[in-house]
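Naming follows writing order (A, B, C and D), and every chain is counted from residue 1.
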Amino acid sequence: MPQLRDDYNIFAGHDLQRTKALADGVFSIAMTILVLELSIPFFGSVHSEGDLFTVLLQVAPRLLVYFMSFITLGIFWTGHSLQYTFIEESDRHLNWISIFFLMFVALIPFTTAFLTEYITFKLAIGVYWLNILILGIFTYIHWQYACKSGFISREIPEKVDKSLRNRIITAQIFYALAALMCFISTYLSIVILIAIQLNYALAPSFRHISK
Amino acid sequence: MPQLRDDYNIFAGHDLQRTKALADGVFSIAMTILVLELSIPFFGSVHSEGDLFTVLLQVAPRLLVYFMSFITLGIFWTGHSLQYTFIEESDRHLNWISIFFLMFVALIPFTTAFLTEYITFKLAIGVYWLNILILGIFTYIHWQYACKSGFISREIPEKVDKSLRNRIITAQIFYALAALMCFISTYLSIVILIAIQLNYALAPSFRHISK
Amino acid sequence: MPQLRDDYNIFAGHDLQRTKALADGVFSIAMTILVLELSIPFFGSVHSEGDLFTVLLQVAPRLLVYFMSFITLGIFWTGHSLQYTFIEESDRHLNWISIFFLMFVALIPFTTAFLTEYITFKLAIGVYWLNILILGIFTYIHWQYACKSGFISREIPEKVDKSLRNRIITAQIFYALAALMCFISTYLSIVILIAIQLNYALAPSFRHISK
Amino acid sequence: MPQLRDDYNIFAGHDLQRTKALADGVFSIAMTILVLELSIPFFGSVHSEGDLFTVLLQVAPRLLVYFMSFITLGIFWTGHSLQYTFIEESDRHLNWISIFFLMFVALIPFTTAFLTEYITFKLAIGVYWLNILILGIFTYIHWQYACKSGFISREIPEKVDKSLRNRIITAQIFYALAALMCFISTYLSIVILIAIQLNYALAPSFRHISK
């Protein structure tokens, strides 16, 4: 019986293609349903273009949070997909680390909605930051487990491994600092979070890869 | 005419790649829209961080159900994707067994919402359990049909086949017992369901696969 | 300038893989958001298991429509994916026929919701049937255009081509008859529609393909 | 340290397959959730087929906007997928241009809902047009960057490159003109937008590609 279970474990979660497909699915849906939070309640009182402009202004802070969350998801998707550029094998456990990771990816639309609704509250920033922290932890564990289990392709230079880990930790430190800014102003937290994310997304030190 | 229909059957549902893609799609969407159930109604009365914390506490039991359903979907997705590691061919019928299976996968967000809303009612546990039972039955039928039709790759050791079937049946027995616990307390049912699922997900008897 | 446009047409819409992926995406989402229609309004008056059972009974006819629409989508997805088993090339026009087809696939959750809400009205059946009719027409045009353009793999026996066309036309005749039954009772229409669909899905004349 | 970051950049965003999958995911979800905007509020006053027909008539302008947005998404999806027919390599930056592009793809259901709700307001047309403009800009930047970075397959004839750029610019000029029509009537804008889109989708100058 324990033998059978072992056989099951050897095979379960081996199809990398499907793990990637599930991840792409969850990420793309989470990204797209963020937009549902922007929905404007029907205002019977919109009689002029000016009235409508006022409605639009009320949407503006929600748009800010929308962009932040979209980039957040973009960063973790890029990280996840980068890891799978190097991962050549998998097992039941890596599969489940990935599913637990996706559980918190799918939570981003909720913590985003919570932040959108209560944008002036420190607790809302705290909940959002906690979500990002957990995503960071799972990203790290995922890589760590894949390395320890020998699932990584051999050609990967050691520097890349270190770079990958450093990026996760550095980013999380910055995120924590940004979250702490909420004791000054929650809007400050959000602006700094976006700034950090843009820095990661736009990666200023990029040098053109000559072919 | 019956001859034509046969020709159709030979070809229909042969593209395994698309069956997998549809399944990954339905699973990832079902997983992600679970989060819509967490949405907090606007409380005009939130004036302090303390008020907001109270709101968050009200979300806590919903989060519990969210995690449970996400793992439920994770388990059945892993099972489905495991079966397709071995399935090398398909026909119209396997295709439709898969579609009927997905019909009940897509139902999970509904039975989850029903349970979230009426978490103290035995009937809500019963409906949720019924959904899991039907998923288990279709998972079994799917494998059974694929085996009988010779769609499984030959290299699969018999032990794996047995292991696969045993896992489905054992899990369903445990789920039924957990559901029965609702006669003591519905929360007890939920906690035990999660415990069973975590056991399946984390699979304690795992032994490292040395390369 | 017209020359340029031609060059564009030669290349545009050639990546079959992505057309399939988009279709699988739209189908799986349409299938899964059907469930949102089942959502139960919060009834403050649920005080006993009996009350909750009454709520559940109210959901029953909605479940019927849910199953019907899921199978509808399953049938058209199977048809679409079957066509692409034979289609080896594509162009801009086939791409757009596919997108227009998907436009009406994505409409199914709406016509389903309309039918669910107004299940006793002939007009609701009419709108639903119109949606199925348009899907049938696009399915036919899609195949017709692919054949005429020489995009079909040569190995396909002529019988399969005929079988494919006949199936679409026969199904549509049955659907129209079922829709007409609404003049007796809309529930009769729905039951007959489901019966027709189950017949197509379960394909009784199936003979086992011996390997 | 800057060296490490470079190594990271070399690898990050290289898996074209996943970029395409994420794009297909976001596009198909955005397309499908457009339909949620069509949802009809429950009218207690529907007592006859005639009443229901009135309800349906109220949905008609929403359907018009639905079709427009579906085709908009279809056009940009076709463009994105066309570019990736030629793109053979990628880097971190192309990956992020793609993600930012998707951010505005996912916004289409919002600007569509805004337009649906305030269909008689010029501002609503303006917001919608802005969304299309930004999509056009990112489409152009995406191609520009891929060309400059040498990520394009060598076999592409120069005419195709020019054709691709011209199409984007020409389309945007037409879109801007259509949007300007809102100063006469917002419905006129919408009708002209749809006409332009149908022209691009149906591409009248198509000449059959003889095999």
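Throughout what follows, contacts are C-beta pairs under 8 Å (C-beta built on N, C-alpha and C of every residue); 3 or more make two chains touch, one makes a residue touch a chain.
Model, not experiment: these values are computed from the prediction.
The set of chains touching chain B and also touching chain D is given as A, C.
Residue numbering at the chain A/chain B interface overlaps only partly, since under half of the positions present are found in both copies.
Ranked by separation of Cα centres from chain C, the top chain is A. Chain D has its Cα centroid 24 Å from the Cα centroid of chain C. Shared interface positions of chain A, defined as residues touching 2 or more other chains, are 21, 24-25, 29, 33, 36. Put simply, chain D touches chain A in their complex at residues 2-15, 17-18, 21-22, 24-26, 29-30, 33, 36, 91-93, 95-96, 99, 102-103, 106-107, 109-110, 113-114, 117-118, 121-124, 127, 149-150. Considering their complex, residues 20-21, 24-25, 27-29, 31-36, 38-40, 42, 46, 49, 52-53, 56, 66-67, 70-71, 74, 77-78, 81-82, 84-86, 157, 159-160, 162-164, 166-167, 201-203, 205-209, 211 of chain A touch chain D.
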